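Two complexes, one shared chain (chain A), two partners (chain B, chain C).
And now, the complex of A and B:
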């Protein structure tokens, strides 16, 4: 069974626990600047949006890489960067339509979410369940359910 | 070990930035942030100095847990001798600035001397330099933040800066960070302005990778987060309602002062409460509260992000104030609202925006306006002073107008910028200042609630709830309920809260965790992060040591037992009605015992034995 990160920006408070958990898992430091998940704050809208790689099946980054440095983790379906192969050319960062694979000056390689080998630490650290790790077929179903709830006659009467 | 073990010393006269090893012997005794920076201040600054002179120093300090995964581990403090009080000042702020400073590799910054011209400090990891800030002088804190971000093109840069009120000499100006978080009290921003430092901009990419025992730390912080999540206050009340959850509660028990503390109980409390903030308004169907927001690393997320009704008179033609920004917290809602008698939620939210935009402490500002309103109603201040504004209690339009004057500067702004003590002295009515050591009270009336009065009177930075929040026990029953009107046991209660708070403020954590956490939750997190033995006992002793060190600074600055007092109004004018009718604060019943259990002389001096016991 494949699982996916499921992100609900409406629940995010912008605390950055996910960024610290991610950087701690991958670099052994609490260091948001080395996190593969980013929380963006839209101050004047009063909104927060966690954002990271969605692990495309037909991954642009993987297709674009000239040295085959991006492959698939068979256990999770995550697209992972092989550090020993990556030459830091950044073509993948241009190819990715979502901007979720990034160059790291600290390593001279690109970095991206690897789903922590199947136990994503961002989801574990999120205090509000804005980030969860769910059956891949269920991504978006929570919003579908919320929309469905709105169509109930009783909910309408209450609104 | 969690400290970066490095501090940045900035000599403003010479224009130099120098890295220096952190004094780890002091860190073992004072931990970090409030404690450690106060130690540096005590050692390096003459307590009798002019707070706004070159000889005063300004310290921005993080704690060992700042920038870690410990919940709320994002705090930093600004420590200096305060111009509002003349006492040691330590103002604590959340947001994201403190953690960024730590990620850049610095435990603290010590600013010394005075720059000839406006400067800002730019820190990018190990690199630090002073840059010209002439083009930012005269700008608001929000504009300054925007200019720095535009200049450096780095959205991740974090900025702490001052607004126009600090430049204009307002004695309770704040240091603002991340636009709407504030090191708010005692005029720490005024000191920053006196040194011509407009801003500190920080970008850190080094992270924190040296916690003493990483496994134990992750376990202890996870346990701590679970306790916060399961607690009714930190898990539900604060995220949903923020600190404003208190407005109706404190009003209901007869503890909410109103109209410069002339009254207790505010008939408009409900209109400015958390419940009102959640109510959709008629004009656009949106509530005042847009969402709750967290400071760095905080799993509680009590912060309010609000909007003003776009059709409200205060912002109608001002689109720049129609977006969301930091909304009303309880203390601000009280000082700006109940204490001025204004119950217009939108007006208060707008005034709160202005306090953030131009960097002033909304508690002291609101309370000073309240004192001015009483002077106005007594005919001592007139429209000639106020530029034509009818500064009566409850007048929202007048309050908005006077706040705009305050931000822009001018003769009456200079008056209000004095704070209530100097203002009421200037107009010959010193008894109308509701302050201790020159700093205005927060939102709990010490006539109805005895222990908090003792805490106000003895707080090292002047009247303040955040030096010993006995409200937790006296009103909310945390950790145990004590009777509001009892004085028995209150000296012990106040001491325990004051000492524990001093330690929490020195760790990098937020005091709001203590609604759920005891020292037995906090000490293991510190102990796992830091070298040395940070048992519960040692943490509490460090807290007591820090409290006494601050007291010694104030003693050397000239403070005596005479300054541990409350305004006459709170000791003599009984509450007129409501559940606490007839009560006054009985400070005299508590103070001798407090001195005794502190190990001080009957006239409030720290004894040699106490110094020795605490290694002072």
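And now, the complex of A and C:
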């Protein structure tokens, strides 16, 4: 069964434990600046929004890659970067309209959420269930449709 | 159905794969005239730096990929296209018929009108063959002159610096990458390069190149200066490679004119990538965009239509990302702004940081940045989805770095209204 990250910003307290867990899982250090999930702060509203790759079907990053360095993890459906193939050209970082694949100066490669191979550490670390890893069908089709219609005018035309 | 694709770059390969997804039974052949398996020019800078083997530039694993998808790869030069008889003639004299033809022949480097360009020390940087010549001549301690500080020139600077050469760059424009970055951003790149020990000459051109003996050449500049070099690299832009269809019924301008289905004026002939002049997202005009994301978008849409699906392109967004000896820059859409539009910027030259946003009303239409690597893609998202930023524009005008926050607040349910 395909699962996906479900993010409920209303539950986020901005504790950044997801960023700590993500950076530790992927780099071996507690360094939020190297986390693949990012908590955005809305000072005016006093709100927080964790955000990372949604593993979108369009896979703009994968299509734009000139050297076939991004593929699909068959078990999780995650789009993953093959570090041995990535040359660090950064074309994917401008192709992804969500801004969720980024260049790492530390490694000279691009990095993105890989769902931790099916055990996402951000979800495990979140103390308020703002990030959960659930059956993809439960992430709220209506919410996704509404979001898509807002963010992609062409989605409305095709609906 | 027989599909022929001329050109083995990203546009051609993506088109072939898309055709196969749409139609398991059709015949697909990619014809390319270079001796290597289909490869990416985007990867050449990393090959020059010895970060990857030559095989690291290949678009796909050539051992299995094309055979497993039943895509034939033919290494031959195409001599002629007969659009009336719907066939192409190859250099070995054989011919191949097609039902649908895709021209994805890319572009060729422009040779500037400079005497001495035919000397053996002068090379362009476009193909793997060029790269091998550059690697051979760019020996540590040797003098190298790069003509042109456009995208290609800038992206190979780091490789040349790392090869330990003494490097001079000559650019006709008043700044580096004038077609991708504005004065401030281009100025930051110039300062950065000078700090890295590169001899940068802007608003300057090369008058002539002459043999100076001992394997060296002398490069004469328009400002009266003279440079000695063991290698001269020309990177003065590229031009759509339309030679195959010149003199046919296919309409040409800067490239092959294509409609939103990537179809040329001949309904059975399509074009994609650097050779195609298709709709630009920002202006609605027909423009050649010689960039990787446009090539793959074009390839996919051409293939969908060749396979009988009706798919119209909303236009490609011009965008670039560039790493100039470690300083990363990018630009999107109408980064130079529009008449009557607003703009905002954050400029911190001491830290080599710059971000500039261009609005038309409440919509972001262009952006450029230097020294920013995180979440830059969202600039594309904001521009291409034409999000109404009425509630965020004032905040962005005050703090142009808050683009991700603006995007999230405009598109996600944040748990508050």
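Everything below uses one rule, namely that the second predicted complex is superposed on the first by the 140 of 159 C-alpha atoms of A that agree within 3 Å, B and C clash if a C-alpha of one lies under 4 Å from a C-alpha of the other, contacts with A are read in each partner's own complex, and residues count from 1 in each chain.
In the analysis below, contacts are C-beta pairs under 8 Å (C-beta built on N, C-alpha and C of every residue); 3 or more make two chains touch, one makes a residue touch a chain.
Since we're looking at a predicted model, the values are computed, not measured.
With the C-alpha superposition on chain A as described, chain C and chain B fit side by side in the combined arrangement.
Of the two partner chains placed by the overlay, only chain B lies in contact with A:13; chain C stays clear of it.
Of the two partner chains placed by superposition, only chain B is touched by A:24; chain C is not. With both structures placed on the common chain, the touch criterion links A:70 to neither chain B nor chain C. After overlaying the two complexes on the shared chain, residue contacts for A:53 are found with neither chain B nor chain C. Contacts of A:34 after superposition: chain B is touched, whereas chain C is not reached.
By the document's definition of touching, both partners, chain B and chain C, reach A:45.
With both complexes superposed, C is the one of chain B and chain C in contact with more chain A residues.
In the superposition on chain A, no contact is made by A:113 with either chain B or chain C. Within the superposed three-chain model, A:78 lies out of touch with both chain B and chain C [touch as defined at top]. Aligning both complexes on chain A leaves chain B and chain C separated at their closest CA atoms by 6 Å. Shared interface residues of chain A, touching chain B in one complex and chain C in the other, are 45, 47.
Taken together, the chain B residues at the contact with chain A in this complex read 67-69, 71, 96, 99, 103, 156, 179, 204-209, 214, 225, 229, 239, 290-299, 301, 305-307, 323-325. In the complex of the two chains, the chain A residues touching chain B come out as 13-17, 20-21, 23-24, 27-34, 43-48, 106, 125, 127-128. Those residues of chain C that touch chain A in the complex are listed here as 10, 14, 40, 42-43, 45-46, 51-52, 56-61, 292-293, 296-297, 300, 314, 319-321, 323, 328, 330, 332, 373-381, 384-387, 404-405, 407-416. The part of chain A that touches chain C in the complex is made up of residues 8-12, 38, 40-42, 45, 47, 49, 51, 60, 63-64, 66-68, 85, 87-103, 105, 108, 143, 146-147, 150-154.
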